[in-house]
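There are two complexes below, and they share chain A, which is joined by chain B in the first and by chain C in the second.
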Partner chain A sequence: MNAALDSRSRTATSRPASERPVLALPPRPSRLGQTVATAVVGLVLLVSAATLDVEWSDLRELPAAVAEYAALMFADPDWSRLPRALFEMWRSISMAWLGAMLCVVVSIPLGMLAAHGVGPAWLRLALRGLFAVIRAVPEVIIALVLLTVTGLTPFTGALALGIAGIGTQGKWTYETVETLRDGAADAVRAAGGGRTALVRWALWPAALPALLSFALYRFEINIRMSAVLGIVGAGGIGSMLANYTNYREWDTVGMLLIVVVVTTMAVDSVSGALRRRIMEGA
Partner chain B sequence: MSPGTTTEPATRLDLPPRPRTWPRRTLVFSALTAFTVATCLPAIGGIEIDLAAIAQNWRHGAANLSALLQPNWSFVPRTIQPMLETLQMAFVGAAIAAALSVPLTLWAARPTNPNTVTRTAVRAVINVVRAVPDLVWATILVAMVGVGALPGLLTLVLFDVGIVVKLVSEAIDSTDHPYLEAARAGGATQGRMNRALALPQSLPLFSNQWLYALELNVRISAILGIVGAGGIGRLLDERFGFFAYGDVSVIILEILVVVLLIEAASNVLRRRLA
Partner chain C sequence: MTHDTQAAEAGHAPASAAWPIRLDGVSVTYPNGTTALRDVSLDIDAGEMVSIVGLSGSGKSTLIRTINGLVPVTAGTVTVGPHTVSGLHGRRLREVRGHVGMIFQGFNLATRVDVYRNTLVGRFARAGRLRTLLGVTSARDREVALTALDTVGMLDKVWSRAAALSGGQQQRVAIARALSQEPSIMLADEPVASLDPPTAHAVMSELERINAERHLTVLVNLHLMDLARQYTRRMIGLRDGELVYDGPAAEATEADFEQIYGRRIRPQDRLGDRT
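Up next is the complex of A and B:
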């Protein structure tokens, strides 16, 4: 092998330069597909931008408008309605929390059953299909449908958040269970444990930190969603914000926005710190 | 340990003492219970869990649900134009956001912007933008620039920029950058380093998040119309107002199909780009 290589390199170098074969470069890979794809995407983009019902010239006045409204909202926020705003904010937080609890309590058993090696195949496929469908429906639409049953209440909002979250939460649950190492599960099976023992002693303890962390994350998502549901009419800070925007009382809207932003960021940071602690240990 | 020193017979295995976890466990559990109870007290703004209302309205709700289960297919032609507008908004919004997200991301990541002041400023703005929910942006923008597709488009751009900049700049922060260090040692300016090395390296991260933003846009723009920001949501809201549940269910099904299609398409694209 080595000798062959040596002799080849020696003959190559000893040959005069004119006889040396031109190095055969591989042909340049065709970029035709890429070019065509880029052109098509660009064309579709241009056509959609042109036919969209937007006066693009309005954009020139936008910075001035933004500055004007920002001054109206934040130059002198109306703090006299702060108690009411905090009351409504707590209602939104409650909606988010109860929705997260409902979602987690339902999605953990369903997600476990949807994991490989736990439930039967037909149930697994059915549950995964259900999760996919729920994931595709926007939360607001679930809330609108629920409205017809329970009426416009914060309770509707919590129920909608609970149901809408099941799709994603269930998916996270079965994905977590499936990425667990098999050691503990094999040990339980070898010791003669059935399905219940498997879930209780192998899967549950190993998956618990991740599941708790996902539950907190669901709460963070719901904080944002509960404000959105409020705009649709479920109550809480979103409803108050929508009302005062309609009244065009911009100083109150500015105060409400500050409350929303501060609360959301505070909840995010507390919940984020808790999640890190759960996942990485103390 | 040599065999000579252990002459006594094997003693019982010394188990370590069971860790005392119950005080903490009780504390955490009672804190969670207290919080949950507090969220259910209407007096302080909590939620009234009103199961009686559900029991009472059940028949009414069931009738509505069964109406929802009978889609009025003849309504389909009227949904096509608004659905197209929704898709246009989603696509154009994602494209504008993609263009804006590149410089902002490079500004917000430590390896590509060593200047603490500008980096913190960009991050703070992005965090504030992200803390305001999408439909809240839409409500305020509709009040500011008027009903139509423009406030919807602006909402989508704001929302996408927030997500893409946060996720990609964090990804850039958390990886090592030997090439950047080499370029810095070779005397490159930050601008050249970013253009020649950081940008091509993080392009796969970007394209992944752009696709994700497009998926989210389709989902969001379907409901933006509820507050007057254009697209199929306006029609949805209108039909709901008329209690035309057959038309509503057509719209919901259409949104469902479009969302699933876009998701499937972007999964295919993602696999090809990876």
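Up next is the complex of A and C:
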């Protein structure tokens, strides 16, 4: 195909102008990779559907079931336990915030050291390995392990969120630092500055808005995660939700869900607005 | 001040005495195989103001960066004052860099930080680790930094963020940052290439004045012929990494410049006179 195009364009230049000129089209890049990727994704989808024993007929009953439980929960939510729910929600938010702070305070220095051009190679590899391992362990597992040490308290939840977040937060930190095309770092080096001066006076001020924004984002993620951690007993709104689901008190569960959704959306929008402000000011 | 006089009397050079620069058979080949400098030898006296002229890609940025060791030499030796830069590493290389101020085409300020702390970077680069981390300054640090800002006429902007300044103002702050190192040599890598003509003249005058008043050795990369003629006495021409001219800047003829550029003179090779 390409050979044919080539030979035609070659002869076109040597032939009289009466012939229609052939555009010298460069050979089209191969799309083999894309085709293979599409095929693989399709295959994975088919295999996973086949191995999961999906009863497709169940799907038909799903809307009716959803409607039934929605009616149980939201037709007449029980607001009598609202004060307690708000208190537990507040504990969840505190847990999320404490966890986010813990995570950020640990992951920023470690992430900085894991960036190219900051830490030595052995430390960089070790830290990246640590982040990867932490990322591979779900929050719930970390919480279950911590429960045996610190007991059934929201502090366990905060600790679990703090540790679990370090993996992603550390990765974000070193990736941010590495994408800084910052002349200020050159200037600090030229002035004789070592690693400390480089990090403190060139990288830190340039990365600060992005890191602050990530910290807020971690808080948003933690609010959602704290509800999940409550289910394994770490306290907060999650525990209350798990308990009333077990008691099958659907009207209370409905009220709790409303509290969770409204609070999460409110926190998300405030935090999101703050993050936009930070990045615009950058 | 009295300390400096005492040091001078005792036979030691004061902290900011100008240093000579010597390049001996310097070649630089980058890891990707590009040879940027070929066997360049140069002698620059303490207190001289010298321009390095050449097209982009001629090796002038590389040359200036060998002097503070930002670019390691492949062959030859670079000597500044009492130190041989080539072959130095780590702490001792940083020590020498502390005596060599540098300004850049892109100013290279921390744009989100105020002018004051940008200037202090020149002090922190050589301060102890903990003081650097916490940003603790001594009275002398503050005095040197503020004096440097005053020298370049930027004292009134001391609390502005660097990003809020114009290009010319940013370059002045960058000069103040370099001055706050109390350097013995000032390197300038295309310091006016991002500036409009009047601002370019103002910044060049600033460098000229620093050379005259502080008696610093000043080495400035330029690609415009009239700036080299106007502000420097001695000019070095580079073409394809080779030294093709070394002589008085004012007397350099059009033919000399055509030889440096390796082509005819074009209108864009001149900036235009001071307004």
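To be clear about the criterion, the second predicted complex is superposed on the first by the 221 of 282 C-alpha atoms of A that agree within 3 Å, B and C clash if a C-alpha of one lies under 4 Å from a C-alpha of the other, contacts with A are read in each partner's own complex, and residues count from 1 in each chain.
Following the convention adopted for this analysis, a residue touches a chain if its C-beta (ideal position, glycine included) is under 8 Å from a C-beta of that chain, and two chains touch if they have at least 3 such contacts.
Here the structure is a predicted model, which means the values were calculated and not measured.
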Give one of first, second, both or neither to describe whether A:Ala206 is in contact with chain B, with chain C, with both, or with none. second
State whether A:Ala184 touches chain B only (first), chain C only (second), both chains, or neither. second
Most chain A residues touched (candidates chain B, chain C): B
Classify the contacts of A:Thr196 with the two partner chains as first (chain B alone), second (chain C alone), both, or neither. second
Touching chain B in the complex, chain A uses residues 44-45, 48-49, 51-55, 58, 62, 65-66, 69, 86-91, 93-95, 97-98, 101, 132-133, 136-138, 140-141, 144-145, 148-151, 153-155, 158, 224-225, 227-228, 231-232, 238, 241-242, 245-246, 248, 253, 257, 260-261, 264-265, 268
Under the stated contact criterion, what part of chain C meets chain A in this complex? 68, 70, 91, 94-102, 104, 106-113, 117, 121-122, 124-127, 129, 132-133, 135, 174, 177-178, 181, 187
In the complex with chain C, residue positions of chain A that touch it: 182-184, 186-194, 196-197, 200-202, 205-206, 208-209, 282
Contact set on chain B toward chain A in their complex: 35-36, 38-40, 44-50, 53-54, 57-58, 60-62, 64-65, 68, 85, 87-89, 91-92, 95, 127-128, 131-136, 139-140, 143-145, 148-150, 153, 219-220, 222-223, 226-227, 230, 236, 240, 245, 252, 255-256, 259-260, 263
